[in-house]
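Structure record follows, encoded as structure tokens.
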Amino acid sequence: MNAKKLHFGIIGAGRIGRVHAESVSFRLPEADILSIYDVNRPAAEALAAHCGIPKIAASADEIFSDPRIDAVLICSSTETHADLIVRAAQAGKHIFCEKPIAFALERIDAALAAVAKAGVKLQIGFNRRFDSNFARVRNAVRSGEIGKPCLVHIVSRDPAPPPIGYVRTSGGLFLDMMIHDFDMARFLTGDDVDEVYTAAGVLADPAIGEAGDLDTAVVVLQFKSGAIGTIDNSRKAVFGYDQRVEILGSEGKIATENRFPNEVVVSNGKSVYSDLPLNFFMDRYTESFAQELKEFVQAVLDGKPTPVTGADSRAPVIMALAARRSYDEHRPVRVAEVEG
Amino acid sequence: MNAKKLHFGIIGAGRIGRVHAESVSFRLPEADILSIYDVNRPAAEALAAHCGIPKIAASADEIFSDPRIDAVLICSSTETHADLIVRAAQAGKHIFCEKPIAFALERIDAALAAVAKAGVKLQIGFNRRFDSNFARVRNAVRSGEIGKPCLVHIVSRDPAPPPIGYVRTSGGLFLDMMIHDFDMARFLTGDDVDEVYTAAGVLADPAIGEAGDLDTAVVVLQFKSGAIGTIDNSRKAVFGYDQRVEILGSEGKIATENRFPNEVVVSNGKSVYSDLPLNFFMDRYTESFAQELKEFVQAVLDGKPTPVTGADSRAPVIMALAARRSYDEHRPVRVAEVEG
Amino acid sequence: MNAKKLHFGIIGAGRIGRVHAESVSFRLPEADILSIYDVNRPAAEALAAHCGIPKIAASADEIFSDPRIDAVLICSSTETHADLIVRAAQAGKHIFCEKPIAFALERIDAALAAVAKAGVKLQIGFNRRFDSNFARVRNAVRSGEIGKPCLVHIVSRDPAPPPIGYVRTSGGLFLDMMIHDFDMARFLTGDDVDEVYTAAGVLADPAIGEAGDLDTAVVVLQFKSGAIGTIDNSRKAVFGYDQRVEILGSEGKIATENRFPNEVVVSNGKSVYSDLPLNFFMDRYTESFAQELKEFVQAVLDGKPTPVTGADSRAPVIMALAARRSYDEHRPVRVAEVEG
Amino acid sequence: MNAKKLHFGIIGAGRIGRVHAESVSFRLPEADILSIYDVNRPAAEALAAHCGIPKIAASADEIFSDPRIDAVLICSSTETHADLIVRAAQAGKHIFCEKPIAFALERIDAALAAVAKAGVKLQIGFNRRFDSNFARVRNAVRSGEIGKPCLVHIVSRDPAPPPIGYVRTSGGLFLDMMIHDFDMARFLTGDDVDEVYTAAGVLADPAIGEAGDLDTAVVVLQFKSGAIGTIDNSRKAVFGYDQRVEILGSEGKIATENRFPNEVVVSNGKSVYSDLPLNFFMDRYTESFAQELKEFVQAVLDGKPTPVTGADSRAPVIMALAARRSYDEHRPVRVAEVEG
């Protein structure tokens, strides 16, 4: 056995837990999973069988107290994240946790404090940073390929509204969906946002409005550098998962397109057409999920900083809270107001 | 001679005057130009020679009082538009006038009143409506091809900042440049805007800031229907004239690309590349300039309404004034505030 | 009147005659048409009225003998070309003639001899050379942008088979349709072809086969330089006029796409689609028709060589004859065999 | 353990052996590898360690005689394929073998006879059939989406010539490289080829010519249906791995583009550009390698025919031999001539 192999325990055997378990088991030879826990034991058993995970733990603590385990993958529901981070940190485990840590800043701060005190590594699952498109844009900005960013546009639309039950516990559009885009805004530009202004509505599904949420929103971002950005979210883009960015810089423009299942174009007597873009976030971002874990494993094995830090997990939540406040109060809101 | 031929007089022999004179002379067999006036007589003479215009008028009034002339093309500087419209209307001439009529609402209203009183036809030079891309988008919205518009994005960027002398008398970014996009927002959606919010700055050229103007702006539009839009303007897109729109509707998305001088792609050892998009608005919109005149001529000959009405000339000015107020007061501004 | 204005007479008021007459009358201020002749006098009268041509000639000779006329546009049917060239040359007129001069080499050679003897300028209407796409490819090859050409592919397909009456007198696929592509092969590479091999059939319209012609063909070209090419012709591409080239060179690849009426893309629940490419050769090549005449006029006015010479008119006919012989004899045929 | 799990032995730990071992070990939960053999034992050991293969066999026969093993992956050098297929078949193992079985028809026929006699399943590694682009084209043809195929173009170019040592033992351009495209021609159309004509040369690397091989070729295909095709091969496309097909059918056209590492477009002051297409066949065809094995495993587990049969392995070799003969004898060659 390779002395540099990283041993994981995983908490949560749902959809995203399965993605990460498959990545570690089938695509990352430098890591393995020794133990799995889920409140739903049959789910844990099924995933263990699928991925060859040798042990079903009876509790999260059984994973935290397992001395063979180096790091934990926290893939359980959002409301458990902050507490599990604290307990994992106290047990000295490195932590890869799905986004967001929590909806409330005090809970995030408590988790980050525990991580800092224990000196363990933490990475938050902002997987889109590891997508080859967005990583390419980040590199262009960093290298000066397009000069200084002036205008930044992020489009992020789901193919169809989620079940209304999901909407009710999701934390709302800004904390559930746009949080990825707030992270993207910071990641792509390497800049922070001073102020936001939100225009939003219920245009896709009235049930979302009845549940007190929004399904369509444009948030204007005022970056510290002076650059101006927009984020465009919709819960309903009937043609598929619509995820693009464009940055106009002083020396050029960079833009991404969606990802398609093939590069085929058909021309018939009516139109020139191609198949729809990838529809499901797990297909669209498959490689990014594997890549974020690969970089986490490498950071832990090499004793280097993880590529998505605790601070990176905090800023998008603040931006989301400011965006909602802007909508509620119908005025531009400085991020510092929320931070306070 | 064809009884249905429309006889123009033209006032203004500058850049846009030349475009219109060439369209009438070389591309519209159903119309001709009988007389031209420009405060700079040699300019008028040169254009007359180029286009075969038989007469150089000594004044605008000489055109207005010429009984053979059916319609006038007003291509002189912006501050003269309103007064010339009034005089042309009083002379019973149909009017094609470059945008905008004026920067002040009262002057616009006076001109429109004169037109209404005289019962002549008026068309304002919002040429982009006649571009095959934007016309195609308008048709898609009108026909329901993409369902109900939810999110509307208009990008409109110049290749390079204009001379600072031009900036000083231009009326500012919103009245000079974004006015086309305000018109486009109304045209594409068939909807009106209730409220705007402006984020803007000086990111392209400090001299523009010193002249009291802005060079980069995002304006958020709240449409009456509930749809949300953005307009993105920049005075500096180094790769060329960047003019695109995208609309997300309830049943689909429609988007336009820029226009290129050719459809050639080269792949070498470094990249896959194509030539830059058309750089100059006259190349980009060549066909639209001819088309808007063609439709004006047809409307007059057939006694039908022109495709861009007086009301269409007024609304974008109001939106521009509201956008500037939003920037100055750092708050969303209802269009009705300015209208009042 | 400008001393440098070129005065044309035009013979032929059909489809292509109208194109050229409009170009000269409405788009080329440096030229005009003084006289028109067509065997069908009402056609000549209609075009004269449309373009403001002052005189209807009673015969071609009336044009040739008109001392005010500098150059003739020969747009009559193909079988008249060679004879008209001879008579025009004898009358000392410069000649712009539609392709091809004739189907038989001896008639071409007689016409070229008359032109040479008279010292007049001759340009053949290989308009595609003046298309911005193909001109861009030519420039890339000439400038070394893609290195030395190795593989050359020319695709040239009509939207739908022509009327069978047209097919019967057309000279056949190789002389009527592929002749443009033979010219393109020489133009793009600046190279000549040594040998051809033809694979062809009747796949689009059985009536074409019954008329003794082919509707689908691939001709392999062996260039003198060693480069290998193909020409792909079909009489039926249901989506529109399909005109593309691709060259693989030692340092890169260059490829063209079709031209579309707009740059719009729609995404709905079924596909991502755009409108069909331009369907009609006159729409596709509008600019090239104006450009070839512009360059002819300039060459005559400046006393410089025309951009498509007599030799350029001869080579594609030889290639067409060789391609047909290759099909008939089912073997590769050296161009020199036909030339002999 | 899943009763339906398929147990492999693998012969060959080189480049393609590694690809298949990784697919089975990390991406196909329904299969595993129990044993590996390579003439180079350290290579076998390294791959075993990487993929968790428990046993290093001392010979191929040790794999064939292992009763736990259901199927073998033959990834050794081409000259060993035919013999290993015979021995594996005699041992009752199902066989997945890399292409081609052999360069000589009699050896292929002997191997296929052994497979038939043993009643085992055989699949040849024509992985491109499983690429999402080519599979999409195949489906379009099969479903009638573009009508009846009329013109078929296959482009297949390597980024750079292989080492000259490889060229010498490769079997030559037609058997080594174009063999994939001969398979593709049959696969995409569902049709067979009657006759070929080859134009070829040495344009990329003189050393290839000195070794008696060709580096650039166009082969014309006459399909039984009447459709006409071309295959274009080059050993040097400096921009990357160039793999595309286009089919013109009676009701439309279908075409594929290359695959790129991202969907990013940058526009600066010089051009509009994107990164180069994938350069390495293993990156370009990653998914197809996993997919072909997945379908093989499924076919064996379900007792159904494999998707690439023995006959499919034979036809491209015959086409390659005919294409070479056409080049050598400078004439069209009927495939039946080679078939003997």
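Letters A, B, C and D name the chains as they come in the text, with residue numbers starting at 1 for each one.
Just so it is clear, a contact is a pair of C-beta atoms (placed from the backbone, for glycine too) under 8 Å apart; a residue touches a chain by one contact, two chains touch by 3 or more.
None of the values given here were measured: they were computed from a predicted structure.
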item	value
Maximum centroid distance from chain D, chain identifier (CA atoms)	B
Pair joined by the larger number of C-beta contacts - B-D, B-C	B-C
Approximate Å spacing (C-alpha centroids) for the pair chain B, chain C	39
Rounded Å distance between chain B and chain D, as computed from the means of their C-alpha atoms	58
Sites on chain C at which at least two other chains make contact	237-239, 251-253, 267-269, 275
Chain D partner contacts - residues on chain B that touch it in the complex	237-240, 260, 267-277
Residues on chain C engaged by chain B in the complex (per definition of touch)	25-27, 29, 50-51, 132-133, 136-137, 140, 145-146, 251-259, 261-269, 275
Chain D residues touching chain C - in the complex, by the definition given at the top	148, 150-151, 153, 157, 197, 199-201, 203-204, 216-218, 220, 222, 226-228, 230, 232, 234, 236-239, 242, 248, 250-253, 330-332
